[in-house]
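Here is the structure we will look at, set down as structure tokens.
Per-chain numbering from 1; labels A, B, C and D assigned in written order.
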Amino acid sequence: MQARSIFQNISPIDHRYSLSEKNLFDALVPWISEEAAVSSCVKAEIALVKAHLTLRGQDTQEMLTALKKAEASIDPEIVYAEEEKTRHNIRALVNVLKKAVPEAVAPLVHLGATSVDILDTALAYRMKGVTRSVVLPLLKKLELALCDLVEREAETPQVGRTHGQHAVPITVGFALSEYVSRLGKSILEIDERSKQLKGKLAGAVGAYNATSVLVKDPEALERLYLSELGLEPSEHSTQLVEPEYLLRLLLEFNVAFGIIANLADDLRNLQRTEIGELRENFGADQVGSSTMPQKRNPWNSEHVKSLWKAFSPRVMTFFMDQISEHQRDLTNSASQRFVADYVAGFCQAIERMTSVVQGLGVDRDRLMYNLRGGPGSEAGKPGQAGQAIRAGQGSGIVGGVLAEPAYILLAETGVSDAHEVIRRITLKAEQQALTFAEALEQEPEILARIGGKMAELGLVPSAADALSFFRQPERYCGLAVKKARTLAAKYRRLMSE
Amino acid sequence: MQARSIFQNISPIDHRYSLSEKNLFDALVPWISEEAAVSSCVKAEIALVKAHLTLRGQDTQEMLTALKKAEASIDPEIVYAEEEKTRHNIRALVNVLKKAVPEAVAPLVHLGATSVDILDTALAYRMKGVTRSVVLPLLKKLELALCDLVEREAETPQVGRTHGQHAVPITVGFALSEYVSRLGKSILEIDERSKQLKGKLAGAVGAYNATSVLVKDPEALERLYLSELGLEPSEHSTQLVEPEYLLRLLLEFNVAFGIIANLADDLRNLQRTEIGELRENFGADQVGSSTMPQKRNPWNSEHVKSLWKAFSPRVMTFFMDQISEHQRDLTNSASQRFVADYVAGFCQAIERMTSVVQGLGVDRDRLMYNLRGGPGSEAGKPGQAGQAIRAGQGSGIVGGVLAEPAYILLAETGVSDAHEVIRRITLKAEQQALTFAEALEQEPEILARIGGKMAELGLVPSAADALSFFRQPERYCGLAVKKARTLAAKYRRLMSE
Amino acid sequence: MQARSIFQNISPIDHRYSLSEKNLFDALVPWISEEAAVSSCVKAEIALVKAHLTLRGQDTQEMLTALKKAEASIDPEIVYAEEEKTRHNIRALVNVLKKAVPEAVAPLVHLGATSVDILDTALAYRMKGVTRSVVLPLLKKLELALCDLVEREAETPQVGRTHGQHAVPITVGFALSEYVSRLGKSILEIDERSKQLKGKLAGAVGAYNATSVLVKDPEALERLYLSELGLEPSEHSTQLVEPEYLLRLLLEFNVAFGIIANLADDLRNLQRTEIGELRENFGADQVGSSTMPQKRNPWNSEHVKSLWKAFSPRVMTFFMDQISEHQRDLTNSASQRFVADYVAGFCQAIERMTSVVQGLGVDRDRLMYNLRGGPGSEAGKPGQAGQAIRAGQGSGIVGGVLAEPAYILLAETGVSDAHEVIRRITLKAEQQALTFAEALEQEPEILARIGGKMAELGLVPSAADALSFFRQPERYCGLAVKKARTLAAKYRRLMSE
Amino acid sequence: MQARSIFQNISPIDHRYSLSEKNLFDALVPWISEEAAVSSCVKAEIALVKAHLTLRGQDTQEMLTALKKAEASIDPEIVYAEEEKTRHNIRALVNVLKKAVPEAVAPLVHLGATSVDILDTALAYRMKGVTRSVVLPLLKKLELALCDLVEREAETPQVGRTHGQHAVPITVGFALSEYVSRLGKSILEIDERSKQLKGKLAGAVGAYNATSVLVKDPEALERLYLSELGLEPSEHSTQLVEPEYLLRLLLEFNVAFGIIANLADDLRNLQRTEIGELRENFGADQVGSSTMPQKRNPWNSEHVKSLWKAFSPRVMTFFMDQISEHQRDLTNSASQRFVADYVAGFCQAIERMTSVVQGLGVDRDRLMYNLRGGPGSEAGKPGQAGQAIRAGQGSGIVGGVLAEPAYILLAETGVSDAHEVIRRITLKAEQQALTFAEALEQEPEILARIGGKMAELGLVPSAADALSFFRQPERYCGLAVKKARTLAAKYRRLMSE
């Protein structure tokens, strides 16, 4: 066996990440290593022999057993040694295989096939396999971990943010249900696309030239061959299967990757020192910085984002590989081999994100602190909000996230420039270091209109209670809780179907 | 009206290509110009007012007529002037609109909506519109032009090529049916994806905060608003509609673009001086080169490929725009505006390719000449094939495309190293400047085995007729004709559904 | 004149951004509009006539004046009309030009040139011009605005951040000097690359076939022609100038674009509600949100980042355009036209960033507040740090940014596990809601060792003063001030050279 | 040692290509494997200890020897084991190293450094090393192989092609000298950029906070540390070295990659069956197709193009890695590790292209055949050119490549519409199946004018000899031979400097 120290490998996939995510690596090897590439081609060649035998009525049990044995006996190393002579990988495999199968069927090996009938079929088999056996289970695990978190934190208040600025209240569960919804749909798409991968046995240029000489119905032979591998034929083939079946699966991988990267960015930012609403699990012995002992970095989320930067641009290669001149050129050969790297990198990101989500700490005190108004909000008395820390001015008016309902309610009372009226009140709150509720209080007429409307709409018992609402931003969170619960329940169900 | 000379525009879309493809440009303006952006936002704002009126039971005919009039009255220029003050495009539009609608409904304008409730909805409306009104009709026209050509040339023999080398025979129709099949499926995907575009009325952070204050069932209000525009709501919203609805449509555009670029490359190459099988239409007065009067260039196919190079990489922007921090940041705003450019460039490529396909000249003599063996094939006597032009050696053995059936038939007679036997015969043919048929003739035993097999399989009346087969490569074209016809018929039907 | 409403244009460059950045647009039109494309070709054709006349000794003053007049007389519209006949842009121009010049020199028009001798030369002329007349001045203005800010804020304390976590102190000027240094070097590179753009007069395939027939020294004619336009010849030409001269300039544009995007991200994040250290200028009437009156968004910085997302991936097109088959194919023709869009988008980003930097508000109180420890730092008494807001725990220990010097100083006294010792003290500070100084105070032995070392190194007068240092993080800022000043001074000087 | 079967690796770099290009892989391991990553960090840590010792005057020979021994003793596996505890790679390395060095200097290990002071410095060291020890020698070998070929084939006539159409004559050497010129300049750029890679010892946020506490002149310490590794300091650092030093090197790699990909495309196309001018070396036992025994594919050139498709888009990652928030986030960490893959893929392409160029077969007969007119040119009698194969019509007029000089010479006689006159003659030649010389012969007046001009210019002895020129296209090749020779000589010299 040609072995090599793991540390002498060049690709991080084959050294660093094969160690840090060892179980994942081991799960991928049977599908996307070189060993898997060779063995899936062996499987395809044997499937072809079987199809020929079936059509000829010679598929005896004895023969099938012998073929199974031959299939198991092929070592990639021998194939590689043969390739050094032929400099053609499939011809090498055929030579080796002819010696491994019963002599009687040796002439049937590769009969009627061109290399790509085997290679593209084997690739579809592997990609379907790795998607359904590794990628989808990983994704579903992440989705379910998100559902758990959404349900657990469905009611935990959080400030909603746009442009990095406080906007209006939501809940933690609602924020995360975004990813349940987006990732959930992507998982369903991946599931569907993986089933649509196709193989072929249409010969050198896709016109069934060779098999037309050999059999009455070449398309029946093709279906027989592919069904052995759980596949169907490409609607049209050149030497290649139509590239779009695989392309669309890979694009959807990249869609899911982008969703996960977005989640990673959200998690990274919510762990900023000044925000501190979430925290990645951190081992007791773990070191955050080699020189700053107090540091705890959101490095797993950063890692996921970094993987996205490494792999996402590779879709350009997938798109370039659509183009093959005439009935095919070979310029998609090397490039397509690196699809394996992409799959490994994508899986690495899913796995890491799942462990982040599963171990995510939620700091409810800090969430409430941020929601109620950021630096300065602790000061409670009129006229003193944030006085100690004037720095808080402008970027975080205590209770400022309730400017929106104030404007809307005021507008509903028939005030046409309600938006402008409230904007001026927020400016005043800022300049005088008031909370928004305090600033409203200083405008009794406006407050009365708003309170009246609130009472009318059943938001508060009476107009006099309006101020209590403006002191508790968490009450203004719309359908956040309901949406979070509904989405978690829906996708929890869909994932188990 | 702020007008500008077309020639002072910077983007080729707005000068050169708006002239060369004027009808296309005119068809796009109502959907993806800035005028369209503004008017679709007006349409969305009016739809929102209507939804409010409906819920309040105030949607009288008179009011609807007044709103229709208001909608038609808004000029983008006025909105832009207002934006100079507000520096916020939707607030500007709202200000203008409030003055345009009946005073009674002014407070309902934009009520409960955040800017993006309008912007993202209007974008979905425009993208759905342009796809269904412009992109899909263009694509179907191209697909039908391809179907026509496939049917016309279904039986026209052509040499199949892999690696730019002669492989085995096909037909012109078969080669083009590849694109019928690939593009056809992409059209169906685009059709489907365009129907899935979504809008929203879920407020500043997607939790229906504002509308929850205003109405009992905010999701009902959202559905009412969107139905007015033929849309449904995003399953979850932040400030934004989930980005993947649009992303998947754009990715499928790029898939179709890649297919068309592949076709362009094939057409370019088949017009090479040495190949000359196809030819783009060429006007009588047209000049191929400013300095080489004999030139006729496949410049339209080149143009299509060049557009693909310009636009295909922009998918990276589409993927980057998936990521928006928390309930949204604005970093997808400018970038998303350039989706309009992408659509224009894509349509330009479809339109140009359609005109190429419609005017494509097919040189049947040259096709047969190439199929029968390239340079040298005209010499007919034994031992003299290509003698005059020894240059032909190696790269094109006359009749060499029939090496494959010779090998297969020989293998079927039980010769295990048939591939090697035939390979040696092709080497001999090359070295001695023989046609493949001549070289076979010099190996009577092998020829007899092959001929016997052929007679047995019913490919020739008797073994003695084998050589006639090896002198007529066009007879070895498998299911090429059948596949071409089947695919053209299928997609012709699907396009008209 | 073919005029069109600006709002009917499709590309945002030609509508929205041509209005919002009108002066910039007007500065770009003479270089990268279609008008500029045509007029620069006219200029090149005239330069060629002059070169012929010079070699023939016929370049009389009268003739030169006539040519100047002819050059000025060409209207793009007429050329376009002619192109409808020839369907070849340069042949059209030549036809028009032959009628515009004195009859005697009409045969010299375009003599010996292939279209691309004109087109590629004119492109180099325009790209050099736009770079030196528009791009570089814009970039230098931004660089100088950064230098101003760096010098003004050289000493303003700020917390340094890694992974979004507080690390150790720096100054605002130091943080911004990063961009002075990076952007400064990029400007120098752009300056250099722009000078290296080349033209050509080497004919249809670069071998000077035509001009070799016409003149003794075709390379001398080429130099003469190009010198008229301030250019030198490509070292080797095919039909095209070597693509790398332009490619390297565009890549450096994208390098600078990335630097500016990084700055935009930093500015965006420092404007988060919870951070609030910086603020973009905000007009008195400006509206932050159509529905949330309190909002003030860092939308200009977001806009810059968004432009980067739109344009940065286009480098893939630039790289693809390196490849042209044989002596050229036309597949770089359309794609290269969109370089104009890229330049416009890049300039838009520079301009916008400059206005952000020039108007940037710096909140010194907030900076100090953040540096001293984030939420909770206002509490000053032992054992009560952040008690009120337990949310602050872990992500922001008051004074935690001084854990590093504590560890280093302790290590210098010979304590081998100093890092671990200090890490445990930070954990204790967190658990007991102490400031870092308080927690140190509770470890008198360690504090004594550290204080002793500090006195020894001259950092404090005596060991007893150590605690005062740990209460003032801003004192631990290394060479931040010096580096900021040095870099600003250096690049200020370089920009004016 | 953790070993793994090569065939269980996932990345093609670590299985297939590590075998097919074994020597290259072995040359890369000491620079870009994980082993190299660890050992270069050890080297950097030791360099830091040395720098400290030097400043303290304690750098005795004995100590230096001990450090050298310690450096050699570190096994990556032990570091990895330690990292499982610390989950921080550099802290793990430091722990291991402290035990390996003499106890007296253990406190100096990593003193004053942050992890990235080591990591970024070690990366610069490795990238500089691999560029100067592996990449540049490979590139120079390719460049010299090209120079050899250019000189050998400097005078070999070839038809120049634009748009895939015959244009005017050149020579094989001239065509290849394009790549000598383009690649040569790129090599010089890479050489320069590799020298500009920088390291750092500026601490956690780049402000020398820690080292300012430890030493008088922290920048002197940094220079001392880096000089040990042959590096200089980044002009400004955050936690990171400025990203552009490495970025520009990688971009220039991609520039060179594009040039090589262009060469690959040219070689692929010139090996098409119908063109056949060049041929890749082909082993005697090599199989072109598993099913078509006659096939010989340009698969090495295709392989190079395919590698370009796989790696070129990764520049997007390089550009994205420019952006790091504040004084750094970690989102460039994983992505940057894959630079190793890029370097390996790039080297693989260079190596393969070198072997193609070194073994390239040139078919001079075929070159002449193509130049003289493509299919049909063998027929020599008037009126019968290509008669046998009318297929040749239009795309290849025999001698049509001389339409250009005919037009230019005619124009020089004062015929203003010379281009149109000659274009009509080429049309006639095509319609009547004449060679261009024959068609000219039928226009005696025009021929006389042209011949007169030729005699006048010294191109032929007398006007009567004009036709002989038009029968020998190879005479019209301008400065092709001279340019080829000049460029080969120039770059041969530069490569050895």
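Convention: a residue touches a chain if its C-beta (ideal position, glycine included) is under 8 Å from a C-beta of that chain, and two chains touch if they have at least 3 such contacts.
Please read all numbers here as calculations on a predicted model, not as lab measurements.
Visitor: Which chains, if any, touch subunit B and subunit D both?
Guide: Intersection of subunit B and subunit D contact lists gives A, C.
Visitor: Pick the pair with more C-beta contacts: A-C or A-D?
Guide: A-D
Visitor: Need the CA-centroid distance for the pair subunit A / subunit D, whole Å please.
Guide: Centre separation, subunit A to subunit D: 35 Å.
Visitor: So what's the Cα centroid distance for subunit A and subunit B, whole Å?
Guide: 27
Visitor: Centre to centre, by mean C-alpha position, how many angstrom separate subunit A and subunit C?
Guide: 32
Visitor: Which subunit D residues reach two or more other chains?
Guide: As it turns out, subunit D has residues touching two or more other chains at 91, 161-164, 167-168, 203-204, 210, 268-269, 287-292, 297, 299, 302, 313, 315-316, 329-330, 404, 408, 419.
Visitor: Tell me, which parts of subunit A touch subunit C in their complex?
Guide: Touching subunit C from subunit A are residues 161-168, 268-269, 271-276, 279, 287-299, 302, 316, 363, 365-370, 374-375, 378, 388-397, 400-401, 403-404, 406-408, 419-420, 422-423, 425-426, 436.
Visitor: Could you pull out which subunit D residues touch subunit A in their complex?
Guide: Within the complex, subunit D contacts subunit A at residues 1-16, 18-19, 25, 28-29, 32-35, 38, 76-77, 80, 85-88, 90-91, 94, 110, 113-115, 203-204, 210, 268, 283, 285-292, 297, 299, 302-303, 305-307, 309-310, 313-317, 320-321, 329-338, 340-341, 344.
Visitor: Show which residues of subunit C lie in contact with subunit D when the two form their complex.
Guide: For subunit C paired with subunit D, touching residues are 91, 98, 106-107, 111-112, 160-164, 167-170, 174-175, 177-178, 180-182, 185-186, 189, 203-214, 218-219, 235-236, 238-239, 242, 244, 247-248, 251, 254-255, 258-259, 261-262, 265-266, 269-270, 312-313, 315-316, 319, 322-330, 404-405, 408-409, 411-412, 414-416, 419, 457, 459, 476-480, 483, 487.
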